[in-house]
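Presented sequentially are two complexes of chain A, the first with chain B as partner and the second with chain C.
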Partner chain A sequence: MERASVVFNTIGYILITFLAVLCLLPFLLILTGSFTAESEIIRDGFKIIPNEWSLEAYKAIFRSPEQIVKAYQVTIGLTLTGVVLGLFLTSMAGYVLSRKDFKYRNAISFFIYFTMLFSGGLIPWYILMVKYLGLKDSFLALLLPPLLSAFNVILMKNFMKSIPDSITESAKIDGAGDFAIYWKLILPLSTPGLATIGLFLALGYWNDWFLANLYINTQDKYPLQFLLYRTLASAAVLNTSAAANLSPDFRPPSETLKMAAAIIVTGPIVFLYPFVQRYFVKGLTLGAVKG
Partner chain B sequence: MNRKIKNLFSVVISALMVIVLLAACGGNAGNGGKADNQPKTGNTGSPQNEGNVDLSEKVELVWYLLGEPHKDTEAVVAEFNKMLAEELNTTVKLNFTSWADWETKYNLLLSAGERIDMIFASTWANYYKYAAQGAFLPLDDLLPVYAPETWKNVSEQDWKEAKVNGKIYAVPSTYPEYTPDGIVYREDWRKELGLPEIKDLDSIEAYLDGVKREKGVTPINGKAYNEIYTMFRAYYDFQHIGGDSGVVVATSYDTPRDIVAYPFTDEFEEWVKKMRTWAEKGYWNSDTLSSQSEAGDAIKVGTGAVYWRNAPGAGGFIMGQKTDNPDIELAYFPFSRFHNYVMPTLSVQNAMAIPKSAKYPERSLMVLDKLRNDPKYYDLMTYGFEGVHYDISEDGRTIVTPPASRADDPDYANYDIASWGWRVESMQRVKPAGGWPEFDNLLAEFRETSRPNIFAGVMMDYEPVRAEQAAVNAVMQQYGLPLMMGLISDVEKGLETYRKQLEAAGVHKLVDYVKEKANAHFDAIGVK
Partner chain C sequence: MSGIFRELRKNSVLFAMIVPTLVYFIVFAYIPMVGVYYAFTRFSYEGGLFGSEFVGFKNFEFLINSGVLWNITKNTILYNLAFILIGNVLQVTCAIFLSEVPGKWFKKTAQSAMFLPYFLSYVLVGAFVFNLFSSNGVINTILAQLDLPPYDFYLNTEPWKYIIVFFGIWKGLGIGVVIYLAAIMNISDEYHEAAKIDGANIFQRVKYITLPLLVPTFILLILLALGGILRGQFELFYQIVGNNGMLFESTDIIDTYVYRSLAVNFDIGMGTAAGLYQSFFGFILVVTVNYIIKKIRDDYSLF
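Showing the complex of A and B:
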């Protein structure tokens, strides 16, 4: 190897390692924090390696494991259906809008853009969902709103625009219909775009608690994030004037409990990334058009 | 030909997709609609004669409470519904808002016109504001007919406090409470160090000083703003108007119409100078304003000594430590002793109201009447099942938790939901403040020195001065808090900047507005 590239590689590795450690440290702190004894955190604060290990926080969370399991089921189910359905709808919308022979694509694109800038606001949205669609306490209230976001459609449309027209054209000449072109050619060529939007959707569904907070009343239908967020929210109430009414039995969750909750929620989604990652790296329409 | 078939296929597929989606929504909407319509037809047909209420129609009510359900709430409500179905041909679907972002949710529930037959209401959940905006149903005509017992039992004064523009919009709980601010402190350390008993500001200072010097412990170890700020207000008898009114206060109970912004008073100057010396001596940490830890947590592990609580909250904290850390001895000093009087909370501190969107206000009131006055219902909904959640103690009056059968059950949790809205003092079976023995004495003291609450009832809607209020609050956060905590080395200069910034933010306009509202209220209730 050349001297210059050795120097380059060394510096590169050192820099990347340093950045990686910086990124990992907070996560490690959460992890060990969740295993630390509560009294130690109050006394000395968080440490990377605690003196006193403890499983108390996890014991507290898993005191009623059925509930956690149920919440996991809800969240995983929602995420899977949401991502599959969402990708299908988003890519279809994006594809149609990207086709140059679709006459009103600009008008419709503008229509979609418009909702990104101006929206009815929370209360009209709530009224629509509850009074007209009857979605109170329904899984659909969790599934539908994030399904087709204007931002994702625009992103998809622009991505598909970069696929050369000649591919569509060539397929047409070979006798393929519009859906076949979309399904057999455009979709496979759009994997990087699909992966990006799929990740957005998955994160969106996984992390959502707000929809559940607004629309869900039955405890069995709570997604994971909301289930855990509730305990933290109760702690915040302790510091307001409402506190006077809470019974003395009411205790705020401990610091370690917060950390354990974070681990339980983020754990699975962290593992999702490496699987999706390879699609990002793949080239776009590499070598698809010859001559 | 082939292409045509494929084309057709794609059209059919997409059409199917759309249909499936629409059907999913539509099906649900249909269900919702049916549930809504069914009872409606019955309602219009039922005659409502006074004293002779028609119960022939089966009704499901939708109720909302603030907070979280208990694990067993479902079973308890099922039992409750069984009894209700027999006696009133009614069932209740009990929903909870949960504490997550509850203010937004509460607002949505009331403004979206969703069908709700009864909801928890409170001064701290903006009862007066929502009532004035017409979110609740006026109950004056309904109460004597559908909730006769409650109508009779609740005192005139309590009804008066529930009135907005001359009409009653909620059924207040019958549970007079005193919630003066104060501090919980390590009594064992005070005795050990031979410090004077805490009874005024000087003895508090002596205590803080002793703990800091002899024990080497930061007395208020964590967020200290509440401790210092409530002490400040109580010490000079500055009174907030209509809830938390920020920097705008009445200068004392006896001069309610003398309303000022406290940063401009000489008292404030004197106080922040004192606080500067306290901060320099290290009675709290220099990061106290950004700290996220509760001073109470530090007491638990022996690294703190003082914690702000209101009186019932102090009881809960002290009793909690008695079981967790029995070797720590704690005591409580209510700031009300600075001026030797307390004001009870308003009756609508906790109440049940009926939103405008209710379909069966009459039934809701009938259920509430039962709930408030029949021990069978009251005990079930407030304390859960006997034998599962509690035992009746020997005196036959109070209850014991946990029940003997579950004494060693790690899964046991006190049955506890947001039952404050229907609380009635004579029906209560648990002692207030977690059974803290000292509380009885305190309560006697409070009752003796109680003065009517003339400030809390002022209806403050800051809408017309929202810009000024936001600006003033921002200035208070930026300049006022550090000054209050003695974190600014040059007090004089800091105070000057603070006052200047407040003026620029429009504090005078805010004071004038509060004055106007307060004076109107004082005129109405006959306070000079």
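Showing the complex of A and C:
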């Protein structure tokens, strides 16, 4: 191999390896942290590789797993409902907007697209949700906001535009109704688009903590990420000046327990993402999003 | 009007299929736009939308005179500039190396590793920060092992800028690399083959073929990002900084300010005013950027 290529490849391997490790490192630190003996952390602090390994944190969590099980149920329920309902509404809207014989498709597309350009902001939206729709502490407050997004509708519309018109036209001649055409012909042809948007939706629901933070009061309704957030936040206080005001017999949640909770909460994503990664790549390269 | 009714009758099923979506956007996107009126009131919860006292531009005046608006605007823009510039340069560099170095397994593994942060929740980013920077975090453990004095990150404002920029770029690296890799794959092999025959080495080929052909994508992505430069990454900042007031001077962005107005200070009028300011100028920015893109490459414009 020529000299320049050797130099180029060496730099490439070093840089890419360095960055790849940097991307994994924080996660690995949490992983090793969760397997460290509590006593070691109190004595020495977190290490990259612990001296004493321990399963104690996981045992402690699984001794009384009610809260995490409950949060898993909430998150799985929300994710499934949200993905199915979201995909149904998004694909229906996308199909209608992709029909060239639908007269108002451009006006409606813009009506939806405009919400990406301008919004009333967080506070008017919050007041609407709480004061006028009465969604405080309701699962609907977690389900509805991520359900439909202008980005997804337009992505779906662009995807369905690439399906030949002749399919719709010939089915119409055979006397099929519009909904039947969408349900029986267009949906099966749209699986790559549905997979991409379904994954966007699933990731949004799975990783949400913000909506729960705004709207949910009851502990039984906490989704996974918010439960983790609360667990971590109760400890972050101890690192600030507020800690001085706490009573001496206040017991902070143990350090390793927090790390173990983070691992348990993230678990499925880490195992699943290498398999779904390519759908994201496909979705991102589906083309520019246009109104 | 009769046209609409005829169309309604003809395509009634299609209308029925899109009505839920339209209702959704009216309720959750358009009705809140009416709520920007709060920005001009001294809000009272009982009064609600039209029962609160009208104060004109008082909230905006306060935001400007107190210096808050300037500070959060400056922070939002500077952080976003750092994310956009450093992020894109790193992504292009990684994509070029990933496309050229041999070794299928290595490339696949490295790309997956870089993509992991995209899938993790911001709460986990908060957990990383705790694990690394708390008083018994990894950094302080290493310092202790080297016999250096401990460093209290929570009493110093300086390092947080870099921590935020690091995690911001960290989270977006994988997805950016994918976009640039797709652009590189679109470059015809013929250019490289021809250059090889002419005796160009890899550095020359990258410099004279790959980089120039990536410039349009690079500029386009930068421009698109600049259109959203007033929009902050709330989750990133909030999970790293939280409500730690000591750090606000250098880490408060428009989105965190609006959130605190709602959840901590209950200053609805002020928060809505800051949000409206962000939406309004953000809108003007996007429209301007789109106009520029339309001039350069019409097919890449947003609308």
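By definition in this document, the second predicted complex is superposed on the first by the 190 of 291 C-alpha atoms of A that agree within 3 Å, B and C clash if a C-alpha of one lies under 4 Å from a C-alpha of the other, contacts with A are read in each partner's own complex, and residues count from 1 in each chain.
Note that contacts are C-beta pairs under 8 Å (C-beta built on N, C-alpha and C of every residue); 3 or more make two chains touch, one makes a residue touch a chain.
Small disclaimer: the values here were computed from a predicted structure and weren't measured.
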{"item": "Residue contacts on chain A - larger count, chain B or chain C", "value": "C"}
{"item": "Which superposed partner A:Ser64 touches (first chain B, second chain C, both, neither)", "value": "first"}
{"item": "Which of chain B and chain C A:Leu214 touches, first, second, both or neither", "value": "both"}
{"item": "Contacts of A:Leu203 with chain B and chain C, given as first, second, both or neither", "value": "second"}
{"item": "Contacts of A:Ile127 with chain B and chain C, given as first, second, both or neither", "value": "both"}
{"item": "Which superposed partner A:Asp178 touches (first chain B, second chain C, both, neither)", "value": "both"}
{"item": "Touching both chain C and chain B, counted on chain A across the two superposed complexes", "value": "42, 92, 122-123, 126-127, 131-133, 144, 177-179, 209-210, 214, 226, 229, 233, 236, 240"}
{"item": "Residue ranges of chain A in contact with chain C within the complex", "value": "2, 4-5, 7-9, 11-13, 15-17, 19-24, 26-27, 29-30, 33, 41-42, 44-48, 89-90, 92-93, 95-97, 99, 101-104, 108, 110-113, 115, 117-128, 131-133, 144-145, 147-148, 150, 153, 177-179, 182, 203, 206-210, 214, 225-226, 228-229, 232-233, 235-236, 239-240, 255, 258-259, 262, 265-266, 269-270, 273-274, 277, 280-281, 284-285, 288-291"}
{"item": "Chain B residues touching chain A - in the complex, by the definition given at the top", "value": "2-3, 6-7, 9-10, 13-14, 17, 24-25, 28-33, 66, 68-69, 71, 95-96, 98-102, 104-105, 108, 111-114, 122, 124-125, 177, 179, 243-244, 293-294, 297-298, 300-301, 303, 310, 312-313, 315-317, 319-320, 345, 349-350, 410-411, 413-414, 416, 418, 420, 433-434"}
{"item": "Chain C to chain A touching residues, read off their complex", "value": "7, 11, 13-15, 17-18, 20-22, 24-25, 27-36, 38, 45, 48-49, 90, 93-94, 97-98, 100-102, 106, 109-110, 112-128, 130-132, 134-138, 140-141, 144, 154, 170, 173-175, 178-179, 182, 201-204, 206, 234-235, 239, 242, 244, 255, 258-259, 261-263, 268, 271-272, 275-276, 278-280, 282-283, 286-287, 300-303"}
{"item": "Chain B partner contacts - residues on chain A that touch it in the complex", "value": "39, 42-43, 63-64, 88, 92, 122-123, 126-127, 130-136, 138, 140, 144, 175-180, 209-210, 213-214, 217, 219, 226, 229-230, 233-234, 236-237, 240-245, 247-252"}
